[in-house]
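The structures come next, written out as structure tokens.
Both complexes below contain chain A, partnered by chain B and then by chain C.
Showing the complex of A and B:
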């Protein structure tokens, strides 16, 4: 029991009441969170733990590099596709394969549709219940709700008082049945919910509308990738050949009918994001703009790799339409370049993770990464090895490693991208951010908060919706200019490959910067390492005691009721955690872990 | 639990007309004739809702993601009006102890009368602690919930077969539900696929609710209605296979004409699933239509059955390849012969697989 100062500026005090949230729900995968609150219910210590792992990297060893995308795609079915894209880029980088322009446009449309779908589903179906109280919606006046809808989202056609009355009636009967389903045991009497009933009713209505609409957003990926979840990808391009007016075009993957379908989806997606999602963020934000907790590392240390190459095969920052760079120590005046090949930049540490290194004071670059499991609980753990009551954060306490950029704990994700973009003066991002701040009447500092993270995600969905259209037009123009090529198969045959190569591929996944490092030897995978967004954000303490982004974001937050973790969920959810992603790693031989002893 | 589906749907604002439309769509999606629609309507009008606990083990959540993409019925209507989804850690409002309390409450109230839906699987290594729920192994939660359930649905290839984390060398000893040691003997229905098709998932639920029984299962425990034929059997590119017209390389002339993907690795001939009939995302497409070979994601151990771009015969050697190679160049002239050759190969293949498994 003590107070510790971390090098990255936090004062950790674990003397107060310990609050444990396990499982943290409405996330992908499994996670645990423990905090200590002081006598005023303010969080003074935070511990976040990844509670699952699966071992995909070791499973990849010895496999065909052309198959790797399918394995790593199964790291996560929520950000489905982004690992696959990262993987084919890593293999193409290693083998120096260039892809056709059409493949670049199609990949970008698929990746952007993921950003939109993921952000929208995250907000409405994973995150909204942290802000919105469906039970309170029963008290709303449908007429006033209609007026609110017209005032905030005037272009959304579903706005009549009768419409909201119908939804309210359906909701009322659902609640009265006593079978609350997913809403059961929510914290519906907690004073942390601040919306008036009309805003709650509007938001619940859009929860249902978004659940219906989301299935349409990703159908662009069904057209180009054959199915969703988990569409198909290809090293060297995309598998969907184009045949506009040739023989048998009707049975070709891409023809006029297929492209018309995509065009329609892209337009309807823009409409929904602009007329429902963005107005909801402004409306909800206007009631919560006094609740600006949760900034954590976002105003200090943020990292983005960049994504969405405008021209094919050029991954340099100036050709990437999503920003790349690092900001440290809160110095927004300087955005530092990021090099994923530099052994001194991205490194992973394990002194507080359930893995061991020969020398745990040092970090390792992913090309030289070691993943040897070592599930050991600290001496101050309360409970047993298979029934943990309380973790000991001074020892190892998570299945997540601690990645650092030049030694700094970093936040990644939509807010990190928007902070980097804003600092660089990215015109579209700056415009979006300034307009949102003005609409809410808050200063730039408000961006560095839980609410800012949630707002940045919505703005990015809007940006992505328009960029989908940009790349669709680009695709059409290129086909019109006579280029129907979709794949470069020159080096598809492994017999054409050099004996030993290595490569790195990166994307901006919905949750943040993502990279895969691969070594290929004798046409097989020799080593494969992924450092994923939730590894950055959900990282435990490192060798120097720096806390990670989740932990930092919870610090100094006031909770209304310690036994009802609304505020903890709200802030953790604002990162859109993806635990299957962060904890996919495993030891080289898959050996069983040592028996855990609580000392 | 005296309310029926119909009453609940009506109370929640669904009109009689759309209720009946829903029943006929359900009949169609189950492959039943229109005459079954009134029967479904009758069942829905007289039967109560059933609680569902949807647990998550080691998985990637692709099954849940697929489920919410269901076009008919909509996921919204399944969740609000058909089942009572009392526990699903991916979407439930409650967390921590309030979430775990729901499991106990459901067991108390509906002992032996709820459905246990499993997404993902439990790891057995590391004392089960590579998947921790509420400080304990997921394995415990799973076994506890299984002890008191009416029946189990194994969603997707993780729960059904083990899937990617169980691929060689299966470091965590991830174990499919039906093979979990000490699991209560309950009926298990497997709905494999990575993920399963959304409309197949919702149709399986609807069938169980409507007819109050599991659909007929095959020897491997899968519903016959969706898993009794190979993708190859109903593939729209099948005539090209029979004609010996193949994609030789991605984006070649054959790829642009929608020729058969067998030679670039298609696993359609050995994969039992409804992709080529029901298709994906409201019937919009399926992998082969979008130009990629089937990777066989609904089959047991598909990750370890050779490369996705290797021809099937390289692994199984049942003799199709010779025909395919021979016929590729002179397709137009030998259509009849190709079809005959294929029919013979198929017959042999059938006999072999029956002989091997029965």
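Showing the complex of A and C:
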């Protein structure tokens, strides 16, 4: 066996050099990636694996469903609020609890705030260094950088040559002290970096500005959620009370002063995204528009559940402002409806995952999901069970299950949402995408790439920033009309609950479609299954042999140097992977360099 | 002109759901429950947040961190690390879910021109991490009180006094989320038959995680090979 055709259209060839990247750094959680490259350094086989076991579901079994949100938001450090929101929605769905209008507006503002925050921090602090070379920035002429800033982001006030010279000097001091800090572990001599020095300096400067600015975005969630750094959520609404004339004090309700503060943050966020983030994407994109690898499943099979309900308690697609639907087999003319309750739509498979099912030929709908670990390596594994040198992808090889939609491997995330929205003719999304393509002078096909994924994230941050404003106005109007209700506690008492119920809650997390399925029995959690975005994107092969989104995105990419996998990191990072909740993380993590082995 | 009192951040980091990895958060919860501090002292449950913590660090002149740390010492050992050793150490053998190591977060604060003048890491060597949904082991839990005493003593050196509260704060007043406070967390745990607690075979065999054999030598090596200490 050496060449395999997958049903989803890939030709996998596992001859040639095997390159192992373990762990993939600058992501949340543990992930390992193995690829085979041919004589021309082109990736011909890709294997992505979550290397640690996931224990989330078992922690929740038997607990009070009203507390589940607090546990799920501890799963990782980045999706906190999104998991919490998904969880309260699942419980509300199971118990048929409706929430007040104000709670819907506040939840949307918090969710959008997290969306923007995550996208911004992901781009500048976890992903930019796959495109930007900070060492090269030291060679930049501050005057040329200033000219570039004025040409690309004319409305950003920080643009003088002196400003860029100061930043460059700070950077120089940092590098000369031998302490590269966040910039260490880079492949700074690799020809895969294409920016001229002044673009590198501009981007590194914005890296620092974004690091400073991101703190403001978080304050919105702290105000409505009441606590740093883990906001409070509530089944039935939101935990904050509204009293417009109230005093400002710790634990005090939401008052006019706090709302004014939120209004200011929303405006400054729009400014930053539109005058810094979007221009940077266009500037960087213009140097990389010839590097259009990494599309993977994005032009073929994409999935979005939708989110941001306009009116409270209506989760139907027409009321969701973020697009929902599925596209399969590259047919962009047809967006199929998605029903998370239908046992035939979302199913998880385990023939290549370290779990057992009674019958592994079949997938299981999450309401009937089983999480039974079974760590077993294939016969062709090289190494030992405690020290794997090369995985055998023909057998079980990942702690991530393989979710499929009607049997199809799907990509989720900002690009999936934007492809679905574009296919549906969503006017705001279409406008944003068309403008970006025009600015870069590239055709629509360019969207289906690593660069497209990174651009879609930025466009979505912009969209989200404006929608925050929409819901803020809606909230204020509703309060002024005399409605200050934020929670419905009618069914908070478990004695009012039926003996056995089930529900599903969904959101669009920053990194993609997220849903929690819950079964409640005798007022306790009987079964809790999360299918998280990185489970979709990072999934291993299924029983038909379809490869998942990460694997597909790496296929046929040319790598400049096999021992410096910049291209692999660039594409995997473009998904904003979060392995913490898709797998369980345990063991030594640290700042160890990614070990790259070429064999 | 009298100098403004230093701003203090007391930070607990880690994940409460992986047994002893929750030490940092539990310690700061307990400190808040039993002691009150003058203005300018912030106690924070940092959980597993990475970059999102950078602003709190930038605002601090004095930083105290509680965490479960792999010192390669006998399980349950409490060890204090001060000053320049703190980031060096945190960046090395860190057991965490943090998207960015805490060392990187400190480096980011420094790049922005704000770095705490005084740092103290109060770490405990974990006994058990591989217990999903589990709480602190008795040896680690027993180190909470000495850890709090160490923090109080350190701050006392700067003239900052934590006062014992007349009565401990109720659960609802926790700085963390009340749904996950230690008592509630431990009481609500399902039986082992219902919810499997163990995991990855690679960690359960001889090859399981372990710390450096000799902590002092490891620190020496790190200091010798990195910019700041050299």
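Note that the second predicted complex is superposed on the first by the 572 of 599 C-alpha atoms of A that agree within 3 Å, B and C clash if a C-alpha of one lies under 4 Å from a C-alpha of the other, contacts with A are read in each partner's own complex, and residues count from 1 in each chain.
Operating definition for what follows: a contact is a pair of C-beta atoms (placed from the backbone, for glycine too) under 8 Å apart; a residue touches a chain by one contact, two chains touch by 3 or more.
The structure presented is a predicted model; accordingly, all values stated were derived computationally and were not measured.
Visitor: For the overlay on chain A, clash or fit between chain B and chain C?
Guide: Clash: chain B and chain C overlap once superposed on chain A.
Visitor: When the two structures are overlaid on chain A, which partner does A:427 contact: first (chain B), second (chain C), both, or neither?
Guide: neither
Visitor: Which chain, chain B or chain C, is in touch with more residues of chain A?
Guide: Looking at chain A, the partner in contact with more of its residues is B.
Visitor: Could you tell me if A:241 is touching chain B, chain C, both of them or neither one (first, second, both, neither)?
Guide: First partner only.
Visitor: State whether A:375 touches chain B only (first), chain C only (second), both chains, or neither.
Guide: both
Visitor: With both complexes superposed on chain A, which partner does A:71 reach: first (chain B), second (chain C), both or neither?
Guide: Both chain B and chain C are touched by A:71.
Visitor: Quick check for you: in the superposed arrangement, does A:157 touch first (chain B), second (chain C), both or neither?
Guide: After superposing on A, A:157 lies clear of both chain B and chain C.
Visitor: Now for A:214: first (chain B), second (chain C), both, or neither, which partner does it touch?
Guide: After superposing on A, A:214 lies in contact with both chain B and chain C.
Visitor: For chain A, give the residues common to its interface with chain B and its interface with chain C.
Guide: Shared contact residues on chain A: 26-29, 52-53, 55, 58-59, 63-64, 67, 70-71, 74-78, 80, 121, 125-126, 170, 174, 177, 179, 181-182, 208, 211-212, 214-215, 218, 227-230, 232, 373, 375, 385-387, 399, 580, 586-587, 589-590.
Visitor: Going by the contact rule set out above, which residues of chain C touch chain A in the complex?
Guide: By the definition above, chain C touches chain A via 15-18, 44-56, 70, 91-101, 103-104, 107-108, 110-113, 129-130, 132-133, 175-177, 179-180, 184, 188-191, 194-197, 199-203, 205-209, 226-228, 230.
Visitor: Within the complex, which stretch of chain A touches chain C?
Guide: 26-29, 52-53, 55, 58-59, 61-64, 67, 69-71, 73-78, 80, 117, 121, 125-126, 170, 174, 177-179, 181-182, 208, 211-212, 214-215, 218, 227-230, 232, 372-373, 375, 384-387, 399, 580, 584-591
Visitor: For the complex, give me every residue of chain A touching chain B.
Guide: Result: residues 20-30, 32, 51-56, 58-59, 63-64, 66-67, 70-71, 74-78, 80, 121, 125-126, 129, 166-167, 169-170, 173-174, 177, 179, 181-187, 208, 211-212, 214-215, 218-219, 222-232, 234, 236-243, 246-248, 251-253, 261, 373, 375, 383, 385-389, 399, 484-487, 489, 492, 564-565, 569, 580, 586-587, 589-590, 592-593, 595-596 of chain A touch chain B.
Visitor: Going by the contact rule at the top, pick out the chain B residues touching chain A in the complex.
Guide: 3, 8, 11-13, 49, 51, 56, 58-66, 68-71, 74-76, 79-80, 83-86, 88-96, 98-102, 123, 125-138, 140, 163-165, 167-172, 174, 194-195, 197-198, 236-237, 249-252, 255-258, 275, 280-282, 284-292, 295, 297, 303, 307-309
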